[in-house]
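Here is the structure we will look at.
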Amino acid sequence: MATTMAQPEFRVRIDDVRCQQCGRCVQQCGWGVYTFDERPMPDHSACRACHRCVTYCPAQAITIEQNPLAYRDNPSWTPALRRAAWRQSETGGVLLTGMGNDRPYLNVFDHLVLDACQVTNPSIDPLREPMELRTYLGSKPDAVGVEAGPDGFKLKKDRSFAAGIRLDTPILFAPMSYGSVSLNVHKALALAARRLGILMNTGEGGLHADLYPFEDNVIVQVASGRFGVDSDYLNRGAAVEIKIGQGAKPGIGGHLPGEKADQDIATTRMIPQGSDAISPAPHHDIYSIEDLRQLIFSIKETTGYKPVGVKIAAVHNVAAIASGIVRAGADYVYIDGFRGGTGAAPQVIRDHVGIPLEIAVAVVDQRLRDEGIRQRASIIAAGSIRSSADLAKAIALGADAVAVGSAALIALGCHLCQGCHTGSCSWGLTTHKSELTRRLDPEWGAERLVNLVSAWSHELQEVLGALGVNAVESLRGSRERLRSVGLDAQTCEIIGVKPAGL
Amino acid sequence: MSTLLERMATALDGVARAGLPGERPAYREEAPFKIHGGCGLMGICDESGARMTGEAAIRAMAAQRDRGNGLGGGFAGYGIYPDFAGHHAFHMIYHDEQARLDSEAVIKKAFIIDEAEPIPRRHVDSIVDPPLVWRYFLMPHRRKVEAIGLPIDDIVVRTVMGINAGVDGAFVASSGKNMGAFKGVGYPEEIAEFFRLEEYQGHTWLGHNRFPTNTPGWWGGAHPFSLLDWAVVHNGELSSYGINRRYLEQFGYRCALGTDTEVAAYLFDLLLRRHGLPLELACSVLASPLWSEIDRMTAEERELAQTLREVYGPAMLNGPFAIVLGFDGGMVALNDRIKLRPLVAARQGSILMVASEESVLHEVLDAPDKVWSPRAGEPVIARVRRAEEAGAAGAVPLAAEVA
Amino acid sequence: MTTATTATTQYGLSVDTPPSVRAGEVATIDCKGVYYRAVNDAVRAAIESGATTVRLINVNGQRYIGTGLRGEGVRIEVDGTPGQALAMFMDGPTVEVTGNAQDGVGNTMNSGQVVVHGSVGDVLGYGMRRGRIFVRGDAGYRAGIHMKADEGAAPVIVCGGKARDFFGEYMAGGLLVLLGMHSAADGPIVGGHVGAGMHGGAIFIRGTVEDWACGTEVSVSPATDAEKAGLRPVLADYCRTFGMSLDEVLSVPFTRICPTGSRPYARLYTYL
């Protein structure tokens, strides 16, 4: 490798006394850090701190350190910015990265706290008393027509209202395309979604045939590249999602390099093998809101009126956009905040474009209520939901459900090393090299996903119990149960949350 | 201008004041705190339409005095204004004369005031500095109503919301026909004495005493909460208040009275009057069956129950509650879905009575045919048989006092 | 907090009026129109003066009767509808009610006996530690919650009628029996979530119980002959109290509900 001015970020440190020279680290590292000459010899510049070697070393002999290289202190020109400038002058390239925004912007969730009941209203014990998390996504009418019958009341038959998509807990798996992640990841997600009674999402890479048996727990996505989209595809799945944008890269499209498009991926995407898979930024048939309506209804006509949702990135006028989308006929709006993850995105876009999810959900929810159309579509919030606390707060701000992508990958072993775009993920997740993909056993992965989502669901029940409600509907949109700590007054007003003390 | 909280008296000496004379509390914004109530309640209805004096309700509330703390009491009576049966009877609470003038101006935007007078009252030692209490019998002003172009009931709602949220120092205690709410700060027996409740006769009465845990000297915070012919008394707390309120605001309701019970009254108005749901289904919206119960229903029942829950999730009342709703033609009592508050019912002849404690029923009914505890989420409904047209025009027979 | 100020109106119970008491070994107290403070003061005074039986007549709604009372040999007879929290924290005496009782009977009762010739409201025997409660009729919601056994002696509740949801919730010890006989209530013998969170003690229900009605921490099985035989002493006392036939009570199968383990939530938690 040519000499670069950007020094390695990490240093691999091996305890020679403990090291058994077994060579496991050489085999496990996907980035090619190690060569072996009587003992493991690390090339620090290739290390991404993914901890695969650390985890699998039988002697616990490896640790990864921040390279203790001193830079002259400069809070404005951080070492990361200097290294980026050196790389770009060496290559002339756009800096690519993976996963979600890692800049230290204010995290609104971390400044929100939840209420608890005392004295005047008891909390409820979620372990013993029913605590309902079931959620139905979709368009709902404002009122219901009933008629009296001989055995009591029944529904008047109304063609325009179909029962929503059922989720046993208000969590979905976020769209991650087959191509950005491996097939085994998709299989793990599908297995887990079925066991949990929730849904996964194909992302823009189409639906692999191996997943057909799970179609009732799948949302099929239609992105601008229309990969894998034909009427058969549209008719599989519990719902269809039109992807307009995603939180990590608002306004730009996706790019799967030809090298990553092996035969299987190409078949699933319905493109020739080896060709780049480019999702253009806009759907080229949607240049105005009425075009979106046209696309939505053409899908509905094709699928016998399945629910159709629209996924957007959270940007400045997200409230107006969401309102337009709802009026265009979408059954749900999926809002991806600026911390949403990706398999590959230019760093400048990932880190500097878009707005936080918490604010986006709050303003969308309020705008739809102001216009009297909140019932017409559900809101799914994503980008990055990191814990059950984020889940509870997102629901209180107005989300019907959340979607988890980064958290799901972390459950499967991701360590957020942001190396997804290289296709060499040591954990076998965002890669297609078979020696790496086989590291993820879908059954094992499904069990871990089920564990994570179940744990968060139990924690959400604990939170609901403390709030004195026994159904998630009574927290949904109830800003009254949140207070802010350390948020400026204007943000509080924008998200409709009072400061603690009021 | 001092805050609402500063103007509220503390009740350290056990006596509550309605605000210092000369000051005009602004009720325009939602009160900065939510007043939680623990309480006792009752409802009584003679399904034959025979009217009884307010004494039955007063005795019932006195019998559960320990459930309140003297900072709120109230009643609603139905059938009390037979001579003005076709008029909208507005019961108004005013802090001062200016509030009265401002409110009357709002009323006159759509109504003709056929009669206006202070509500007859008597002095009660423990009720210090009471506000002005007035009643109006209104008819729609035909030309003005046509110009507004809304159904009369919606105009009434608008007028009420406009005064509660927009007029300093005034609020509407009730706005129905041939009914009225009487409420304020004090034990219910004291409020009853203040309003001379024993002089009224009605076929349906609701009663309530309050145990607020904040310290309002606020007549508007007492129950019942009333809009049009609906009157609600409530024991418990609605932890779903935050979303219930935001849901109602989408439909034009303004929750200005700072108490969670307000949303119950407006939800009934929305579900029953505007959405036309039958009473039993409106109750199952507010106290929804659990999913585990819905899953066990027959296919047709399940379809209806699931649809109602999907559509009306934000209307569900969560938290412990026992509620009695009075309406034109009867009353309904309802518990939360896991019955965290007490409610007992009894029948004696044509009379149905509910209360927070069984002993309250025995205080009023000497020989009930049946006494029972309703189930969680199961409404107890009383319906007044409509008097024949001929009979209604003349004197309604006085009911023998319910002893 | 309620300050029981003097009622300023003609209604309600006046705090100041003491009840009329006929003293002796059997003291009779007329509770009509008397506030609960005065009633309970009179009860305590009668016991201190040597009464072994106190008869309360014209009871309607007076609270806390028998609350905190101690002494094995004391007997309280209540004629009418006692108010909330009858025999709460009671430790030793016997209370017998002719009429229905309200909510909170036997709350945290330490020992003694309560007999109700009628039905009771919600929250019967909450946290009971020892002693017995016999109810002829129905119980409401949350009966027998967190009953516990203490130093070898176990509390017992027998209800002759039906009960509602959360029967025996969080039980830690003791015996809870439901017979479903002579009940005016409609619906099944017991509501949902029976024994939710149970981790000790035993529940017996006369007849069968639907699986879905029971919490997830219990196992449901037909009571064996030996188990039914084990109930005989308690049920014999119960039948004697209410003039019922023990043979008739035991003539049908019973269902036994008991916890699957003493730490039902052990697997739910994890640590960093």
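Observations on the model:
The letters A, B and C name the chains in turn, as written, and every chain counts its residues from 1.
What we mean here is this: contacts are C-beta pairs under 8 Å (C-beta built on N, C-alpha and C of every residue); 3 or more make two chains touch, one makes a residue touch a chain.
Values in this document were obtained by computation on a predicted structure and should not be read as measured data.
With chains as nodes and touching pairs as edges, the resulting graph is complete, every pair of chains being joined.
Looking at which of A-B and A-C shares more C-beta pairs in contact, the answer is the pair A-B. Look at where the CA atoms of chain B average out and do the same for chain C: the two points lie 35 Å apart.
Centre-to-centre spacing of chain A and chain B amounts to 47 Å, using the average Cα coordinate of each chain. Distance from the chain A centre to the chain C centre is 53 Å, each centre being the mean of its Cα atoms.
Chain A has residues 129-130 in contact with two or more other chains. Within chain B, contacts with two or more other chains are made by residues 290, 292, 338. Within chain C, residues 166 each touch two or more of the remaining chains.
Of all residues in chain B, only 14, 58-59, 61-66, 68-70, 124-126, 189-190, 192-193, 290, 292-293, 296, 338-339, 342, 344, 357-360, 362-363, 370-373, 375-376 touch chain C in the complex they form.
Interface residues of chain B, counted against chain A in their complex, comprise 32, 34, 36, 38, 213, 236-237, 239-243, 245-247, 249-251, 274-278, 280-281, 288, 290-292, 300-301, 303-304, 306-314, 316, 318-320, 337-338, 340. Residues 1-5, 7-9, 11-13, 36, 60-61, 63, 80-84, 100, 102-103, 119, 121-122, 138, 140-141, 164-166, 184-185, 187, 192, 212 of chain C touch chain B in their complex. Those residues of chain C whose C-beta lies close enough to touch chain A in the complex are 166, 169-170, 193, 196-197, 215, 265, 268, 270.
The touching residues of chain A, counted against chain C in their complex, run 125, 127-130, 455, 458.
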